[in-house]
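Next up: some structures, all given as structure tokens.
Same chain, two partners: chain A is paired with chain B first, then with chain C.
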Partner chain A sequence: MTTGDERKDAIGYAFTAPYILFLLVFTAYPLLFSFYLVFHSWDLITPPEYVGLKNFYFLMHDTDFWQALLNTLIFLAIHIPAQVVFSIMIAMALAEKIVAKTFFRAAFFLPVIISGAVVTILWAKLYSTDTGIFNQLLGLAGIAPVKWLTSTSLAMPSIAVMATWKNMGFYIVLFLAGLLNIPAHLYEVSKIEGTTRWQDFWHITLPLLRPTMLLVVVLSTFGAFSLFIEPYVMTGGGPLNSTMSVVLYMYKHAFLFQHMGYAATIGFALAAIILLVVLIQKKYLDSD
Partner chain B sequence: MRTIFFTILFLFFAGSSGAIELTYWTSSNPEEIELGRLLVSQWNQSHPDVQVKMQPIPATQSSEEVLLAAIVSKTTPDVCSNILPAIMGRFTKSKAVLALNAFPDYEKVVIGRTGSKLADLFRSRDGKLYQVPWKCNPVMLVYNTAIFRALGLKPPKTYSDFSKAAETIAADRDNPGRWAMAVSIKTTWWQRLFDFYPFYVAATGGRTLLCNDSAAFNGPGGVAAMTFFRDGFKKRYFPMLGFSGNIFLEGKTAMDVAGPWAIKYYRRLKPGFEFDFAPIPVPDSYKGPVYTYGDPKNIVIFATTKYPKQSWEFVKFLTSKEADLKLLELTNQVPMRSGIVSDPFYGGFFDKNPLLRKAARQAQYVVPMDESQHLVQILDIISGQFEAAAVYAVITPEKALAIAAKKTQALYDYW
Partner chain C sequence: MKKLALYLILICAAVSFIYPFLWMAFISLRSVGDAGAGSFLSSFFTLQNYKAVFMEIPIGRALLNSAIVALSTTASVIFFSSLVGYALAKLRFNGRETVFMIVLLTMMIPGQLTLIPLYTLIVRLGWIDAYPALIAPWMISAMGILIFRQTFISIPDDLIEAARMEGCGELRILTSIFWPLSKPAMVTVGIITFMNSWNEVLWPMMVVRRQEMMTMPQMITTFSVGGQSGGELGVEMAASMLLIIPILAAYAFFQKYFIEGIASTGIKG
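And now, the complex of A and B:
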């Protein structure tokens, strides 16, 4: 190796050093430390104590954890299909030649950039059973108040609706990009063939949107499994634990009860579950 | 050139006066910030060699989280005056705070001000005092005097009185849709400090949640308090609100549960609002003085301090007779000072502020929370069962408290 090559290598390392440092400090170290904590009990302020597989044992027998997982899966089952369907519909509308197209594109994206906590507080007020605007409007129509956030069966769907409204803008942009990438001549050919708009959608748009769909579904899955701020602010996990998500449950153990080892165990269990779900999704959506 | 050099030299030495600097964390509410600023400025003027820098605790869900984070990162201040005694167990276990026994005059200062009976409630299990009992906010029933007067009601003393008042309020045709009181349906652990816990303390004549690391809340007093809230939700005395906001000030509810700190708060948000304080209602069969949760906040010196002596002097200044008067005047919170109601030094203040006199009288019958490393989780468990038994009434109060007691025991067994 020549001196010039060595110098080039050094410059290369120098350029990558900030990223490597960032990776080591903010990703690798927390990950390794979390793995270490899985086998320890640690309350943040006293030294960690080795407990072997006790945290796993507790996780297996912790009914609250399984309830939180079930709640998260219910959220996932409502939120992801709703997000995909509405995002595609709105993206298709925005791809057409409509009046004030730019305004509508910006308007749909606006909730994405507004602080999650602010949006959540506003929606909690809208949803309030006794004083919320939704129920006041329903009352004007003579309809009895709906327990949006105070019913065990409605609270999670209500949160899913709010989360869909909040996040949809980002996925609309993705679908819009996907739609604009579909070659126009395909639609021209189909027009000559005399197909209907539904046939166009089913046989051209949807198949060609599949890569975007996979991306949207995978990103939505990550987002849905990370459900935290909405139940944290709106319901605190209630009523009767029906909106307790896995991440909120993990947060409570970590930062409220200072069970850092157990929280790390929940974190690794959640990561394994997300991996499994994404692999299943990939299998069904990634086949050509 | 020489002039410039000497000027710079002079400024350098003038700037670095060699004064010791202490950091003092106070609560982040506007009244306590104002009090802190005033006291720190008085201290700094009279102690040029020990300068104090005040910082409000960063706002978050609870200041306890911030303090724990500071302990972990070893960024604790020298002195902090917003310490919830219940979490002292964690602080002492990690040796994060100084034992006051290190200072020869601590008995004279602490016991002299607070009295041994109250001070002993804050003694740690090793018999040492790690906190200076500072102030309390006896949690009481607050009622809208205009509504009560209009409906010919008296402040309820018992659960039956409360029910009668709630029925009258609900039956008021001129003001439909008004409730007796707002009770948070949220399960955040500290919410129960302003509903179930003070009512439990009142119903039991001053018992706390635990006894020898076991649940004590599942007895008749706990069941009575839980049943009170269950009935209230069932009969719609309490609305189903995630966010109660200021509905008491808006006149949508006739009662509230709060400490004397609320006096300033109510007056700031709604000048001219008429209200009064009364003890927490008790079960009909209860006899004796009405106790409540004192919501105390104490002062500690953190072990990270480089200047324990100076910090102790500053703590003594914060708890002096004059500082206590300022505490009353600026924050409307009650100093934990024995005999304060009869002390002529404070007489003028109480004459002008009869609501505070009521609060100071109630302060003689207060209890703190238990000191337990699991306290937050125990309150979280109780909150979950409160939701099941009182808010949604899906299980009986007896069963809810039995489940909570079992889960509490599991905490001590497992964690």
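And now, the complex of A and C:
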């Protein structure tokens, strides 16, 4: 019977071989090479030069890098609460018996499937100080034009609002699934005890939505740390670096200055920070 | 009363999600001389902005590039991921569990970590400004492997045994028995892969410099940011419309797969 087993083994290996090869070339090699790059200075033309821990030393003292991280935190501080509050609100409305449910769901989901490049170009027009719709609406109310993308204090919040708009349909669907998973009899019990809707929401709905909440927070965090095209198109990272994202900063070092070693170090640090932040969120949101 | 409030919330939300796209479509169809003046109804609709896009930038080529890249990536992901998914679900071989663990592990690696080293690899391979750079690194997806594995596990082994008795090879079993039985999984993987590939902008901006090799998102981004559009709003919006129309058309037909697929895999564009 060994021959039969060997034949099975051979087919299994043959079917997985393309994946293993793909993995070695496009995942394992870049992963290992990133450990090499972070200790070297390389402009892609002259041979790489060993620099020890210099890249990390520069990173620690690189105020632009820390500014980019801070910008991400500002983004998250607006994005996550807005995302959670509005998504739950709309998901709860969708969970009721209503007509045209499919239409509403499809409408909310529309921005999710559209390229971030298009959404950003479109919103740059909507945010325009002179001709954008937001300032036109404010103008009708007699309010002076707001510099949505050209003031250091508002540019990042404006980007966060756009990102919330783009992804909300995705989170609405996640929360809707979470809501529909809550057993109806839990609400029946509370009806007998005569609790209010608001109490039900705090004591039944929210605690049971916790796993969905964790997913939403983790995915929003991944999104925040991948910001690139939004600042690239809208602000170029400005004004005064106030919208510089970590990925855009990495991109600039790699493609404006050919600092491959340093760009790889930024990516390395970013990956470490992402894992750390997600672990903290998981610990905090998982425990009761 | 309560119903009224519900519908009010839902309608306001729907308007805010749809309106910007309607505005974009409207601006792209409005004639240039009309800019600023005229109401929605009295405006004269024209395709001249679309003609202008084709005159000003090689957008036809960008559409072709996007189609080539997204379609070959999608075909490759479906074929190779289902191959691995089949092996993990139905074949017994030494190291199967290890491969499965590796698939799960690779999903946890943040893309930012490998982006720069991957770019230097593409440079060394001489693939800058070439299709392989846009396709090869995304030919197999861990997400696809997991979806296929999950779907294939629930297909009974009897079908495989019967096919083997009749002398069917494993590849034939996969393509002529498992594929037809797994249409929802194939559509889901296909749609998510196509959409991500079609919308991707960061990676093309790293490995493509020549305008003739650009895909749609990079083309419209450089058109818009590089000032090539000369601030012509209608032309810029027309270029953006050309990018989203194919996705919108797919969405119209496969709406359920888009929403459920993206929600269940946690992957967004």
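Keep in mind that, in the parts below, the second predicted complex is superposed on the first by the 284 of 288 C-alpha atoms of A that agree within 3 Å, B and C clash if a C-alpha of one lies under 4 Å from a C-alpha of the other, contacts with A are read in each partner's own complex, and residues count from 1 in each chain.
To be clear about the criterion, a contact is a pair of C-beta atoms (placed from the backbone, for glycine too) under 8 Å apart; a residue touches a chain by one contact, two chains touch by 3 or more.
Computed from a predicted model, the values in this text were never measured in an experiment.
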item: Partner chain(s) touched by A:238 [first = chain B, second = chain C, both, neither]; value: first
item: Which of chain B and chain C A:255 touches, first, second, both or neither; value: both
item: Which superposed partner A:27 touches (first chain B, second chain C, both, neither); value: second
item: Chain B versus chain C as contact partner of A:149, first or second or both or neither; value: first
item: Touching partner for A:129 - first (chain B), second (chain C), both, neither; value: first
item: Partner chain in contact with A:182 - chain B first, chain C second, else both or neither; value: neither
item: A:170 touches, of chain B and chain C: first, second, both or neither?; value: second
item: Chain C versus chain B, contacts on chain A by residue; value: C
item: First, second, both or neither for A:44, with chain B first and chain C second; value: both
item: Partner chain in contact with A:112 - chain B first, chain C second, else both or neither; value: second
item: Common interface positions of chain A, toward chain B and toward chain C; value: 44, 121, 124-125, 236, 255
item: In the complex, chain A residues that touch chain C; value: 8-9, 11-13, 15-16, 18-20, 22-23, 25-27, 29-31, 33-34, 37, 42, 44, 89-90, 93-94, 96, 98, 102-118, 121-126, 133, 165, 167-170, 173-174, 177, 215, 219, 222-223, 225-226, 228-229, 232-233, 236, 246-247, 250-251, 254-255, 260, 263-264, 267-268, 270-271, 274-275
item: Complex interface listing, chain A residues touching chain B; value: 41, 43-46, 58, 121, 124-125, 127-131, 147, 149-150, 152, 234-241, 252, 255-259
item: Complex interface listing, chain C residues touching chain A; value: 3, 6-7, 9-10, 13-14, 16-18, 20-21, 23-24, 80, 83-84, 86-88, 91-94, 96, 99, 102, 106, 109-121, 123, 136-137, 139-140, 145, 170, 195, 198-199, 201-202, 205-206, 216-218, 220-221, 224-225, 233, 236-237, 240, 243-244, 247, 251, 255, 258-259, 262-263, 266, 268-269
item: Parts of chain B lying in touch with chain A, wherever the complex brings them together; value: 65, 68, 71-72, 90, 93-94, 96, 185-189, 239-243, 247, 252, 373-374, 376-377, 380, 384, 387-388, 391-392, 394, 414-415
